[in-house]
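Okay, structure first, notes after.
Just so it is clear, A, B and C label the chains in written order, and each chain counts residues from 1 on its own.
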Amino acid sequence: MNAITLRSRVCRIVAVIFGIFWTVISLLPFLFMGLNSFKEKFEMMTKGVFALPDGFYLENYKAVFQGNFFRFFFNSVVVLAVSLLILLFIAACASYPLSRFKFKLASPIYALIVACMSIPIHITLIPVFKMSKNMGIYDSIWALIGPYIATAIPISVFILTSFMREIPKEIEEAAQIDGCSRYATFFRVMLPLSKPGLATLAIYNGVNMWNEFSFAYTLTQSSANRTLPLAVWEFQGQYSMNMPMIMSVLTLTVIPMILLFIFAQDKLVKGMTAGAVKG
Amino acid sequence: MKKRVKKIAGLLMAATMVVSLAAGCGAGTESDSAETTSGEKTSGDGKEIVFWNIGTEEVDKAIYDKAIDLYNSTTDSGYTVTSVPTQNDTYKEKLIIAMSSGECPDMYLSWSGGPMNEYIKSGYAQPITDLFNKSELPDRLMDAAIAQAKYKDDIYAVPFMNVSLSGIYYNKDLFAEHGLEVPKTIGELEKVCDTFVENGITPFALANSTKWTGSMYFMNLAARKGGLEPFNDAVAGTGTFEDESFIYAGEKIAEWTEKGYFPEGVNSLSEDDGQARQLLYQEKAAMDLIGSWYTGLIQQDSEEFYEKMGWFPFPALEGSDADPSIMIGTIGDNFISFNCKDEKLAAAFDCATKFSEEEIVDFMVESGKTPPIKGIEKKITDPISKLVVEAANSASATQLWYDQYLPPAVAQVHLDTSQELFGLTMKPDEAAKQMQEAMKEYLEESAE
Amino acid sequence: MEKGVISLAARRKREIHTAAIMFLLPVAVLMAIYIFYPIIDTFITSFYKWNGISADKSMVGFRNWAKLIADQNFWTAFKNNIVVMVLSICIQIPIGLALATLIDFGGKRMTIFKVLWFIPLLMSSVAIGFLFTYALATNGGIFSAISQLFGRGNIDLLGNPNTALFTVIGVIAWQFTPFYMVYCMAAYSNISTDVYEAAIIDGANKGQYFRKIAFPLLTPSLKSAAILSMVGSLKYFDLVYVMTNGGPGTSTELMATYMYKQSFVKFNMGYGSAVAGGMFILITVVSLLTMKLLNRDRGRE
């Protein structure tokens, strides 16, 4: 009995140490990003990136806010919101039959989608540029939505399909016995039960879209249509960049994502399934 | 609960429809309301000239805006020029993507050498020889700059911005402290370096994860050993990259690395992140062989530190016949290329001439640039820039950076092998052999 | 309406098919436009000699592909990708699972850690690349400073061809572990609280609960996580491009960076497309085979 409590205590200590260690590791780069955004350029270069700032030098942030930052921010929010909503909805639609229906084509289609996860993004740039031109949406934020959704589809369908497979069959069957059609089952049972999976996807794809770079500069050209990741351009020249300034842009870019995560992680609470069975 | 799900689903459906409609019909209204009028075109309609450039950062952006405003406010051609800036690192990729779809802006920034030749060969750059010769530009611009804008017998671009020559920036205080003089020969330079190594100071601040920074040592050493013929012959296919001057350059780099002339971990330091300048500013390193754009950069970082800086050209090699006045670099580091015709071309060319107009040149000099203009030395007050222009004017020849001059595929091999020389992971003869193979392959393929 | 007697089974089948089509349609349309078309375009381009911008391309048949198969640099890149893949799976998923387990066992008081541990995934590659190149630098870097505390010299992790790849893998792991943490958290949330309560009532401690109950229930999710990590590492690009650009030498060259250089730097769009095509085929084969293997195990269970 004593041996067991000792062992569990050791386990607990190991867990706590590991937790603290990981917290430090995750946080340090973020902290330094924030700290360097309060430095003057020459100060950062002479004293090093890892020294504390001499004082709170706010000029960087002032300069960022005087630029086009809010315009970029607004563009990013619109693109993110529209792309993410559509993506989650259509990915859930596609994952439902792939995980639940028994039909011959299910596994080839699934395999095809998995295969599409492996395309390198750079091969899509030229064709997508051409198409956006032809559609007349080049140099508008609407050009970004299509590629953002499409490139996220394979991984999203893959994750959601494997997630839906793990939802107990009984729940779905009960709904069908109650007389729900497939469509109704999807909306009333599968979609609510997939919330943790959808939240994972929202977080993952949200971050990717927020930081996406390649399509953003390929498909837009005027500064009014740029998104946040391109905001750093104003501080990058041909031979050098103003790092503290870039750090302040990047810090401001991360904060909304942290807030979004705090909101979304709420959906990842244990016991969703149990709750749904009861409700 | 169920109702809410339905509502959300309905909303989603509606959103999908709206967006696909917007995508399908073209969001013309959106771009109309945009602040700039460049709209959806890479090349402008009718009376608009679209000019792609890399002026995203403050100083450069102001120069572009000033010159373009000057054109737009004075022209009576009816054309207006719209500037579309893209950040340097992504600019080349964006240009390739546009060109591969058959799109090309009316005016665009390019660099001399390999990539410019590709644009010309692919029909995206128009010759401007007649316009050029009729204009004031032949009188205004340095001859070496004009030579770099030539391909075969025609002029294809207008040089502007900066005279960028590689030379050695050094910390005058550190030199004085250790009783050192500016070296005239490579032997003397090595003595200077040895003194610094003995005193725990890194002789050269080099950040070579960027690769082209280390390439400057290779080019200068090779040019001091054998002049420019070995390189020109190797490129033409009549000579070889296994020539003794390239082997010499490789061996010197390896020797200097072993003697500790470069910072530890030289291949992991990043020039883009400013790690070379950091070594200079911390006075951990005494010298830096780099392009003359450093003048402006250091001034922007700290006027105070700039006072400590001196400059000298890469020293001569004892016992070599090679002309030590040869400089490595580019006279005018940016060029404007044109992809339009007739009247529009004339208008675009007229806009390009504004960059060498007195008013703009003065502004560039104020911003720490050295535009490739004849007699620019009279305008310049900065001592280092003066030295650079003197060196440019007295140079018997200027060798463009290898990585820009060579066909892009061969240039990449040069960068990779010269980085390995600094890492001591490749022997000089091996590096030379790889270069020669890449060059041979290119020549064979283009001969087909 | 019905002309004859259609069997119930056939009707059900037809009904399933229409439903499946309806559900899959939006995804199919978007993928056809933005993914299938570029793939086909890439394969077509791979049969041409083309500098990427010129209007004339010349058809060269399988020459690019023959060159690819004989290209030592490509296979080095592939080998590097495999190393990245194996180590990523071995580092990211176990740590991600451990973190998720801590959060799951810890309950409400772990909420703050959930957020803190997630932060690396939120940072853009530009910032990560910059901070880590400085942290790893021989001049004022954190690692060199630590080594000097112990009286050793500077350590140059990124500039040394023997350690550069592993260093980059470490940074990639730092960035992506939080994703697997969130992924495992979602998988945990799929285990109903009833199961957990029943186990605890039966007298199981947390360790036993994890080993005997939770882990087997998480296995399918972990398998999917492995596939995700696999595909992700085989086509990885961002941080390597920012931090080392494939160097020193070819020590951190990956298939994606190699492809990018061929297409957009060296003006070899035709060959670059062959590299992209080869990459696509290799990744697809590797991932589908793994999936088949993993699913066969699953059938046996």
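Here, contacts are C-beta pairs under 8 Å (C-beta built on N, C-alpha and C of every residue); 3 or more make two chains touch, one makes a residue touch a chain.
From a predicted model like this one, the values you see are computed outputs, not experimental measurements.
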* Chains contacting each of chain A and chain C, listed by label -> B
* To do: Please flag the chain sitting at the greatest distance from chain C, going by CA centroids.
  => B
* Structure fact -> A student comparing A-B to B-C should find more C-beta pairs in contact for A-B
* Separation of chain A from chain C, taking each centre as the mean of its C-alpha atoms, in whole Å -> 14
* Just how far, in Å, is the C-alpha centre of chain C from the one of chain B? -> 35
* **Sites on chain C at which at least two other chains make contact** => 26, 130, 134, 140, 263-264
* To do: Going through chain A residue by residue, note those that touch at least 2 other chains and give them in order.
  => 48, 90, 126, 146, 232, 243
* Structure fact -> Where chain B touches two or more other chains simultaneously, the residues are 16, 93, 100, 273, 278, 282
* **Of all residues in chain B, those that touch chain C in their complex** => 16, 92-93, 96, 99-100, 102, 115, 118-119, 121-124, 209-211, 263-270, 273, 275, 278-279, 282, 284, 407-409, 412, 416, 419-420, 423, 425-426, 445
* Footprint of chain B on chain A - complex, ascending -> 41-42, 45-46, 48, 82, 85-86, 89-90, 125-126, 129-130, 133, 135-142, 145-146, 187-188, 191-192, 217-218, 221-225, 230, 232-243, 279
* Structure fact -> In the complex, chain A touches chain C at residues 4, 8, 11, 15, 18-19, 22-23, 25-27, 29-30, 32-33, 48-50, 90-91, 93-94, 96-98, 101-103, 105-106, 109, 111, 113-124, 126-128, 131, 146-147, 149-151, 153-155, 157-159, 162-163, 165-167, 182-183, 186, 196-197, 199-200, 203-204, 207, 211, 229, 232, 243, 246-247, 250, 253-254, 257-258, 261-262, 265, 268-274, 277
* Structure fact -> In the complex, chain B touches chain A at residues 1-2, 5-6, 9, 12-13, 15-16, 19, 22-24, 26-28, 30-31, 34-36, 38-40, 42, 54, 56-61, 84-90, 93-94, 97-98, 100-101, 103, 272-274, 277-278, 281-282, 291, 293, 297, 300-302, 305, 333-334
* To do: Please give the residue numbers of chain C that touch chain A in the complex, ascending.
  => 13, 15-17, 19-20, 22-24, 26-27, 30-31, 33-39, 41-42, 95, 98-99, 102, 104, 111, 113-128, 130-132, 134-135, 140, 142, 174, 178-179, 182-183, 185-194, 196, 205-207, 220-221, 223-224, 227-228, 231, 234-235, 237, 255-256, 259-260, 263-264, 273, 276, 279-280, 283-284, 287-288, 291
